[in-house]
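In what follows, chain A forms one complex with chain B and a second complex with chain C.
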Partner chain A sequence: MSRATQSVLVRDDRTLYEAVAGTAVGLSGVAFAVGLAALLGVVTIDDPVAGFELSVAFGAVLLALGASVVGFGVASRFGYVDAAPQPSAGIVAAAAFTGIWFAVGAIVSGAVGFGTGGRLGVGVILGGIAFAATAFPREDIGSTVPAGAVAGLCGLFLVTGVVGPGWKQVLVGYNAALFGDTVVPLIVLFASLVAGWSAAKAYGGFGARGRNVGAYVLIYLVVCSILVVLIGLVGFVTVNGLPGLFNGFGVGGAALISWPFLTNGAGLLADIAGVFPALVGTVWLVIGAVLFAVPTGVGAAVFLSEYAEQGRFTGAVEVATNGLWSTPSIVFGLFGAAFLIPRFGNQKSLIAGMLTLGFMLLPLVLITSREAILAVPDEYRDASAALGVSKWQTIRSVVLPAAIPGVTTGVILGVGRIAGETAPILLTMGGGVLPAKSAAPNVLSGFQLSASPPFVSNPALLEATSALPYQLYALITAGLSGNIQNPQEYAWGLALTLLLVVLVFYAVGIATRYYFRRKLHQ
Partner chain B sequence: MSQTDTAETTANRTDSQGISTTAGETVEETRPEWTSYEAGGETKLAVDDLDVHYGDDHALKGVSMDIPEQSVTALIGPSGCGKSTFLRCLNRMNDRIRAANVDGTVELDDEDIYQDGVDLVELRKRVGMVFQSPNPFPKSIRENVSYGPRKHGDIETGLLAKLTGRAEPDREEALVERSLERAALWGEVNDRLDDNALGLSGGQQQRLCIARCLAVDPEVILMDEPASALDPIATSKIEDLIEDLAQDYTVVVVTHSMQQAARVSDQTAVFLTGGELVEYDDTEKIFENPESQRVEDYISGKFG
Partner chain C sequence: MSLTPQTDWRASIERRLTRTQEFVDDTDPEALAVVLVSMGSLLAAFVGFLLASPWTAVPLGAFLIATGYGWARHQALVARAVTFAMTTVTLVTLGLIVVFIFAESIPAFQYETASVFGVSVPGLGMFTQARWDAVSEPVRYSLLPMIHGTVMVTTIATLVAAPLGVAAALFIAEIAPPRVRELVKPGIEILAGIPSIVYGFIGFTIINPWAGGAFALNGGSTYLFVGIVVGLMALPTVVSVAEDALTSVPDVMKDGSLALGATDWQSMTSITLPAAFSGVSAAVLLGVGRAIGETMAATVMLAGIPRISEPLVNVFYGYETLTSLIARGYGSANGVHESALFAAGVVLFVTVLCLSIGSQYIEARMRRRLGGVE
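Moving on to the complex of A and B:
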């Protein structure tokens, strides 16, 4: 350490200010997490916390957060702490707080009893003040005071019980009402997000570093909440579906594993109702659609990217393909019902469903295959041509193998979409709502040869067949229960089975892609 | 087509416009005298009055030269002078660029490769090519080397051949070993022939590309700046290899580096901006006592 003027690269002396700001960020995170739990019903807002209701405790935390956030700003403004604020909090923050305070003003004045004009007036006035308070003072005031005030105000409502458990607001003009156990968690989520962002900025000492920390906290909290929602969704279906799925499940005995839910039909003779016919129907449906769409789509992609002159024709095809991919599935279903069904025995059939879903899958396979083929470097084609290898041989041995991972990605995405489609198979495939085990399509052994046209036939393909999403839809809308003891449990088990089937198809696709990537790069 | 092709076309456009007013006349006078060089040995490739247009751009202007058998011919010149274009005319790789238009004749063993009915597959089997940046396929080293013969049906591998008992693993093995040996790569990769070729270093990849080219058993090997993407050690290995290959093959090599041309080639052709062949002679003569003032300027670094 010879030079006295050396700038500080490592700061490990944590000041009291930083410790307090860090605690505030942590507290916001905790409040956010508990708020999320309350929204999902894991905890309820009238649970007692240290002698108070949870909603009052929330209010106290938010009040404390609001006060400390304002405190950070003031401490920085008067130079008590070492910070590097910029001249203004910036236009984005100003616009955000204008919007927030406009909404706060309009809602609160409405609750007090103002009319539409009055509410707009209060909103505009508060929004204007928030804009001025954010945009004009130095950054340390501009990004703390409006945020702290929002958090404090929200806290005040909760502490005083203005909004709390048992609170109910009837929405005038709608046949609906807002309840405290939904609104309180929402208020907490919102206020802790704002306060957490502001406290994080203070923790980073404002300026570039503070904005960095603030953005990090904001993004982190939002991402976590999205993850929680996703996990919550899958977890909800799983928890509800497991009893149905494992109804009568047993290991050992004559069949080693007995899993009646997956191996039984829902007929009158089944002691435990199962989803076997619909499960087999869905599997065949997806296999049929993939078998139809992948060769056609990849072939078209090869033609469009390797053989066709790039120009108006390929451009038009591209536009049409993108349009087809975003066409609503019910339209495909209508096409199948009006065009395919009269050509396959004039009744709803498995093959009509396969082809309809194949048509739906085709555009995505075409788009992704085309992109994958175009992404294959021209050097490979040049090298192959320079060895005297013909164009088709080059495509087959070099271009397509290099494009397979991309094509597989497209198929994975598409299968995820078509496996859960209800509308097209409602119109083209039908099938019973509660099919007996004998109704399961027996495609493999169904092929029959005959001496007269059409020479090969397969009755299994021409019969109306049930599929998981269709059966679920029919169960819920028709309200049928047949001889099923617990229809609710059965339907949840069905939903979980559908989820698992899609996941299995995903897993197969991802494994395929992994295999071909390894082959290309190792 | 590819990006490099477009870049090449653009470069030609600028240069041909830039030179057309200044140097056109001189060249008209001098070309016959300085390029009518007769190399020793049998002529393998005879190029006569070759013109190439990319759309409106005149990329190559009336080039004539005879390339002798079993020797190294270097093509040097500044960027965009048409030397790569010339090289790509010798195995008709320019056919792959839609805008390219080639006039004139190129005779391979007294047979015009631009006449109607030429089998491009057969032509490119006889005239192989190695590119500027190493471009092995994303396959194993073995598959890379045997790719050409397999696709031509000279060697039977694959599932069907195995099932019908027509597979020739021994012949494939021998071919792979011979080609890699010839490309001075066998010793470095013989224990990992089934590894992906993309795992090799740049220099090894380029020698693999040469081995891949040799496996088809060509008569002529065209190399488009084969060492420009490589480090000095890898470059010197490639240069040694080029000199070695000239004992059995006719090698035509485009290079940016005059030192490289001086080191490896028997005769040198100098292309200057505008797509003209300015001088073609023994390498020694070109570098020590060129006839043309422009070539002398270029060699000594005053121009280009």
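Moving on to the complex of A and C:
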């Protein structure tokens, strides 16, 4: 974004009106957060708040929000405050409120007991009224009254206990039912969102500036929720997985560090079950895929950006690359099963998994390497050519070194992605649910030479091998049970190990990018 | 130019021939021979591998030796030839995928032949009735229940991923101060990195039991929550592609709008978003493709019964999607049943490939319209 707006052009007179509107925005933010907590079960809706049940308190807050939002609009309409509303709230807002009120009408009349026709009728009538109320009056009325009415109606339901703890609605025909425990938080989330948006518009004084504030509030909320989900997910897996991961962990003693979860198998001989075979399997899988995909992808990127003339061939390769990039992983699995398995001893094998993941990694490497090579400034190439150096010398000594940061980043991020893939190796590599330590593949010492074709063989590559994501899947399908002490704890530890392996790749990849970028800008 | 297309075509071949002739004349004959041997043996190795011949190792060895020798003596030419061979790998891979999964699915398409107006169409039976039963008679392989499941999951996932993704992309590209962007962008990349089986594991152990209680369901598998989880997984794709599109809108256009006194939001809605509209819709299309192809979360969280939910829009029960059908059934299936799984793969592959090509077309159009901005 251009930074042309950084100079301060904002009015600095804080009026009472703005203060009240700001408070309303804050209040809806609080209601949203508490509603989210109620939905996730952190608090329950019949918890007492100041002598009332939480759901009644929610209702009171929503009523107050609705009333104040309507108040903002009315105050602006009669000129009590200095705002700059436009003639209409606009077609987007009108469409949104039409939809919202149509839904409200259909749901409420359905709950009262209307048939399909009646529900549609009530919905259409309410939607039409909402459309008229939004589109025709001036913006300050059009974007507050329908919003305030939504919040107020929701608040009314909650305060009067029409919807509250113990409320239940059977969905006829769906074989399901709605309960107050989930519906009340949802109502609160929705109503506080609408009221918060409207209050934010009022805070900005309607008009262009008000819309700016309203939109920003919504976008910030979206981004915050995404980050909360991300942190929540990672944190949740971490908290649940730590006991399993550090089961029997000790520092000191003969081995300096003993970490049985990572160094044990899961057989009868292991007193603490571990994930060693799957971890080794994942490592070999990644190595194999990288050995296949990285030279191929980088070479192809060099040819496409340095040698090939833009034409039908490069166009076809580009379409094929992007097509491969978006091909579902399970299709790669099917392909590996149909193409590779018959050619490697007719059974699921480590090498089939490696090559399948290599095929998946190839487009990622190709796309990022090509971007990195294209980003090398042409001046570099020109300067090298001006010295009388041949084209290949230029590529080898100038272009590739300059492109290495981008290539490295792309490779690491791509590896992080395929290390967590389950579907392809499910069909091509297999492995046991709880492999013993002896099941870990021993690739390095497995190579054998023979006098008959194919002359070189390696049994370790031709055996079904477990990997972290596959083992997690196999544990789930086995119903999280097995011949180990605490399968639940084991599975969470396994999930955390997998997550850590993948996140380490991502962290390293992102850190590499920042490191090189900073070096570039010095 | 008064040339007909045919003579034009001939002229181009002739031009190419002369150019090849010149190239051959200019090049060291030994280098040429080495490259020819190396490429020839690579081709032979590929053919040998296709035929599953145990002798594949011989031409492969010849390729390695010829290339190694050429690398030492004639590096430039060998490098060019080898990188060309590497470039064809993507095309060859795509071709092989098409050939192999189509070939494997032929028996199922033949089994499910149905006649329409007296003409028998192979595979039509997969879409005209709704029974999938590989065990008890009558054995039928309809894909309709799974297509219904995929449509349900993808619709919900798109409802989650598209608005959230576009909003987050706007935030990263236009709104966020640089320091915040440096935090949010990697955060969303990391979201893309969480393996789908981990999502599935959380869904299986936490969400499914909770949903079963919270909605008084018979079991806990729901299209609703599978859709939400898959939407979260498709979100990073939408964000990164849409963000690329938004940042590729020239700053000049935004500056012009801001100079007229428009607010940031006005510039976004009336300049940036319309200019980047094709790119943003391509992002959503790619997100849809991701959602359709998402496998593990669906496999683990769904019930695994090929059935269409009653009524059609019942999101509180989740049975099976195309992807989960394959993941669950492969291995224990054989014969026509296995072939039917490949048929499901064909449907998936063709759908997603069409989405990918469509979004590439849209993106290319946008680049042209923005006047070669890339």
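Operating definition for what follows: the second predicted complex is superposed on the first by the 474 of 522 C-alpha atoms of A that agree within 3 Å, B and C clash if a C-alpha of one lies under 4 Å from a C-alpha of the other, contacts with A are read in each partner's own complex, and residues count from 1 in each chain.
Criterion: a contact is a pair of C-beta atoms (placed from the backbone, for glycine too) under 8 Å apart; a residue touches a chain by one contact, two chains touch by 3 or more.
These figures come from a predicted structure and were not determined experimentally.
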Superposition on chain A - do chain B and chain C clash or fit: fit
First, second, both or neither for A:Asn458, with chain B first and chain C second: neither
Touched partner set for A:Gln86, first chain B, second chain C, both or neither: neither
Which of chain B and chain C A:Ala176 touches, first, second, both or neither: second
Which of chain B and chain C A:Ile330 touches, first, second, both or neither: second
Dominant contact partner of chain A by residue count, chain C or chain B: C
Partner chain(s) touched by A:Ser390 [first = chain B, second = chain C, both, neither]: both
Which of chain B and chain C A:Val222 touches, first, second, both or neither: second
Three-chain overlay, closest Cα atoms of chain B and chain C, distance in Å: 8
Touching both chain C and chain B, counted on chain A across the two superposed complexes: 390, 393
Partner chain A, residues of chain B touching it in the complex: 1-4, 91, 93, 96, 120-125, 128-129, 131, 133, 135-139, 147-148, 151-152, 195-196, 198-199, 209, 212-213, 216
Residue ranges of chain C touching chain A (in the complex, touch as defined): 49, 52, 54-58, 75-76, 79-80, 82-84, 86-87, 89-91, 93-94, 96-97, 100-101, 103-104, 163-164, 167-168, 170-171, 173-176, 184, 186-202, 204-205, 214-218, 232, 235, 251, 254-255, 258-259, 262-266, 286, 289-290, 292-296, 299-300, 310-311, 314, 316-317, 323, 326-327, 330-331, 341-342, 345, 348-349, 352-353, 355-357, 360
Residues of chain A touching chain C in the complex: 1-2, 4-5, 171, 173-179, 181-182, 208-209, 211-212, 215-216, 218-220, 222-223, 225-227, 229-230, 233-234, 236-237, 295-297, 299-300, 302-304, 307-308, 316-335, 337-339, 342-343, 359, 362-363, 366, 390-393, 395-396, 413, 416-417, 419-423, 426-427, 430, 452-456, 469, 472-473, 476-477, 480, 488, 491, 495, 498-499, 502-503, 505-506, 510
Chain A residues touching chain B - in the complex, by the definition given at the top: 377-380, 382-390, 393, 397-398, 401-402, 520-522
